[in-house]
Amino acid sequence: MEHAQRFRVMLSCPDRRGIVAELSRHLADLGATVVAAAQFTAPLSGHFFMRYEVMADGVELTEEGLDSGLRAGMADLLQQADSSLLVRSAQFRPRVALLASKASHCVVDVLQRWRTGELDCDIVCVIANHPHIAENAGWFKVPFHHVDFKDQPKEAAFGAIDGLLDEYDVDVTVLARFMQVFPDDLAHKRAGAMINIHHSFLPSFAGARPYDQAHARGVKLVGATCHYVTPDLDEGPIIDQEVLRISHRDTPADLRRKGRLCEREALARGLRLHIEDRVFVRGNRTVIFD
Amino acid sequence: MEHAQRFRVMLSCPDRRGIVAELSRHLADLGATVVAAAQFTAPLSGHFFMRYEVMADGVELTEEGLDSGLRAGMADLLQQADSSLLVRSAQFRPRVALLASKASHCVVDVLQRWRTGELDCDIVCVIANHPHIAENAGWFKVPFHHVDFKDQPKEAAFGAIDGLLDEYDVDVTVLARFMQVFPDDLAHKRAGAMINIHHSFLPSFAGARPYDQAHARGVKLVGATCHYVTPDLDEGPIIDQEVLRISHRDTPADLRRKGRLCEREALARGLRLHIEDRVFVRGNRTVIFD
Amino acid sequence: MEHAQRFRVMLSCPDRRGIVAELSRHLADLGATVVAAAQFTAPLSGHFFMRYEVMADGVELTEEGLDSGLRAGMADLLQQADSSLLVRSAQFRPRVALLASKASHCVVDVLQRWRTGELDCDIVCVIANHPHIAENAGWFKVPFHHVDFKDQPKEAAFGAIDGLLDEYDVDVTVLARFMQVFPDDLAHKRAGAMINIHHSFLPSFAGARPYDQAHARGVKLVGATCHYVTPDLDEGPIIDQEVLRISHRDTPADLRRKGRLCEREALARGLRLHIEDRVFVRGNRTVIFD
Amino acid sequence: MEHAQRFRVMLSCPDRRGIVAELSRHLADLGATVVAAAQFTAPLSGHFFMRYEVMADGVELTEEGLDSGLRAGMADLLQQADSSLLVRSAQFRPRVALLASKASHCVVDVLQRWRTGELDCDIVCVIANHPHIAENAGWFKVPFHHVDFKDQPKEAAFGAIDGLLDEYDVDVTVLARFMQVFPDDLAHKRAGAMINIHHSFLPSFAGARPYDQAHARGVKLVGATCHYVTPDLDEGPIIDQEVLRISHRDTPADLRRKGRLCEREALARGLRLHIEDRVFVRGNRTVIFD
């Protein structure tokens, strides 16, 4: 098994002298050899971000062993404010839920890429407030749940969604053109683990009906933005964006069609970056080691 | 002379039956054969836009002759509200003025493309509120004028610019990173004949310091927008836009550097479209036959 | 019905004086008003290409009536060598067959766009030499046929395919990553009506295993090419191409993954252009009015 | 001085356990703290590539001191075949020569970016076989040399160029649309230090007149390729590539115009990557840490 002894180590902390040497030494002491590395120190804040991919070298390593070994060795560094460490087996497959509304293009695209082996995760359920999405989930034999937003209060509907996400023990929630606004408390609860695709090149055309806004303004490119969900709608940290050229011949319907291509590309790339543990979030910015 | 007997015909009017046939017939009657055609009817407004390139075929044609012949033949159509006709010899070389401030990249790029034969216009002067732009103008032997914005009131400075544009009999004014806001009356006076390059992907980051805004928001693409100047700052009809991918490693200075590439591309393309009479403006949207 | 009285007129012939006026006049006489027009005369060959979209204006029009009316009116012009006229109702929905082998991404993408209403055609069957594609066809309730290429001679297999295409009365055959090379006679038989997606940016890496070739050469972009099938493999007229940036980190498997995105985009765009009658073929070049 | 105590460390060697830890430890011992890191191990060859940016931390560091300290500490590793180490002060400004022929767009673009502060190098001379390039060099006050290729044998002309490059003590030679083919011995002499811009998307249209080849083939994108010069013409390791969309309307002259944009972008990016020591070459592939 290729990934059996491969791990990701993500460290984020205030910069200071010798972090790389310290981390490298501890890894070597634990029997882990670095196969890929990326590091960045933010020039203004002086914050340090590092991602390593390491392999066990002649020893047996576990996620827990590596994690506790590193935490013991770098206790000083990690007890600083704003420090974090993540150790994750490359075998880890996060449990992903897809949420949708009426449009199916993002759900189908994520499922198809997943089926093709492009996304190292388990898609454990599809939830939608429109029942016809059941068909798309069925193609890929993924459990489907319809949550009604018409005949019950929003609170009850979101309660049902939250219950399902808990029940399925979901690691990552993907709003794949889910058109209901998550309440603040649920956005908080899953901060850093809920990804949305917004159908505009943010911050342009935040809010409703962005393609009609774009048509009215006469822009020459449409776009889409994949971002983490935060209580501030459309203000979450951006993971990826995509744009396509348009012309005066494109009606709002054409913009929606071209926009769908942007949406599925930006969402798929953003989701892939997230599940491969390549994204650090700091404030409303992201550091991405792709 | 290849272009001697070549003309552009641009017609814009409310749509009605048979316009194409009518215009084509009049052109044939006048001895002009169509070598390129593009037409578009806006689905919502029903407005009709057409651009023809025609050549004299066995007769002597002049811009004036073709213009008056068409106006006579289509008087009915042209006396409608919102109708316009432009007949222009392909030999016409508009007189262009470049306005700049501190940054030279757009001025140099336009001048270099002009020198290389990419822009069918005469660049008749460069005007800047920073005197060092004189050197760049000098490279291309284009007259330079420094207009001071520090030691005189803005009104006086803009009066001086307006005087220069009149004196040089300028057809097209290009704000090539000119950082002073044109007063409304001058923007009105040259409506449809003054092009600006804004250093963001509008409507994102309108206003000052867009690259710092973009860095603060953490977007993954920077851009630039070439648009006609209107009294509503940053709201004019968009001719072209360009974007480039950025990452967390890019500082605001890097964004400015990458943005400069977007700026010069979008400006050069927009200017080229304008001087080749390929742009119709209607409301705050453009119809472009490229 | 919006398109009931809308037609496409495609004319291609050696250029001469007054074609536009002549065609426009005949259309007006027949009661058709032009709603969109595009025209191009090739500078070297002097060949003339025109595409009109016209609507009936106050009269009843049929495809046959318009076609025969135009042919009668322009008999002189159309009897020249290299002349052709196509009149097509905008209601026409070509019958499309999809051919696939092992990979499903192009088939699923075309079917999903078709389902979403992006492609104005009828996909009448899916044919593959790998039986598992049946599942994908089934999702969209499109008849599926497995044609075996292992246990019978190639000739027999292609005979079976040809029979199916005839039986389904197919207008457009799409090789959606179909990895068997069509024999010359069948390529001839469906010339101009069979579209292939090649998994490289042609003419780079023609032939087998292009992503491995691309990796070995160390290029920084991968691409895909949508083209008409001709007896000269990989040499057919190109409709569209797409590229994506890659890096040294991308393995041949990553190139295949990124390449799949190029393939499905280029194929979907090329197919859309073809079924909307926007493509002229002349020699091994295309003229496209998008 | 911001860069006074900043260094780049580039290490390339066969992979083995603990290289990162070893290098990190030696750097820490020498008083250097890592501010940026990138590492890559080629999956097939198992070759290891690492680039660090380090800063002196509380000690005085010199390029020589760091270099000799690292070589002493890692003597074992570095005496393996295919191992190399480069230590370079971030203050180092390589001496760059630009070679041109008739076209000025690449020369002017590199010089203008250099003037704007985008390229951390010293452009010490411009050499061309067409004398009019003198004017462009003069704008930027860079010494110019005309080397005649008409009235003397090629060997003599290249001898003169080689002499100039030696005389100016040039670190990087940039063939900025220089249309003479370097003899093998000179290509060898400056291997890894001579950059060319080829006016096609290699490997498509290698050889002469690529834009005419591209027009004849009817491709839908044109491109340019920045690569290291090797004795195998057009086969050198690729640093960067750029493409732009074209259409049937574009004549070979339009392709050249659009191609010029690709050329100057690909060349400027490639040169920047090279002078910032971000490119490893291995075989005919590059590893680039941007």
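Letters A, B, C and D name the chains as they come in the text, with residue numbers starting at 1 for each one.
In this section, a residue touches a chain if its C-beta (ideal position, glycine included) is under 8 Å from a C-beta of that chain, and two chains touch if they have at least 3 such contacts.
Remember, it's a predicted structure, so these values are computed and weren't measured experimentally.
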item: Most distant chain from subunit C by Cα centroid; value: D
item: Distance between the centres, which are taken as Cα means, of subunit C and subunit B, whole angstrom; value: 36
item: Euclidean distance of C-alpha centroids - subunit A vs subunit B, Å; value: 42
item: In subunit C, residues with contacts to at least two other chains; value: 40
item: Contact graph of the chains (line, ring, star, complete, other); value: complete
item: Parts of subunit C lying in touch with subunit D, wherever the complex brings them together; value: 40, 42-43, 201-205, 217-221, 223, 237-241, 243, 247-249, 251, 284-288
item: Of subunit A, residues touching subunit C in the complex; value: 104-105, 108-109, 112, 116, 118, 139, 257, 260-261, 265
item: Residue ranges of subunit B in contact with subunit C within the complex; value: 15, 17-25, 27-28, 33-41, 50, 57-58
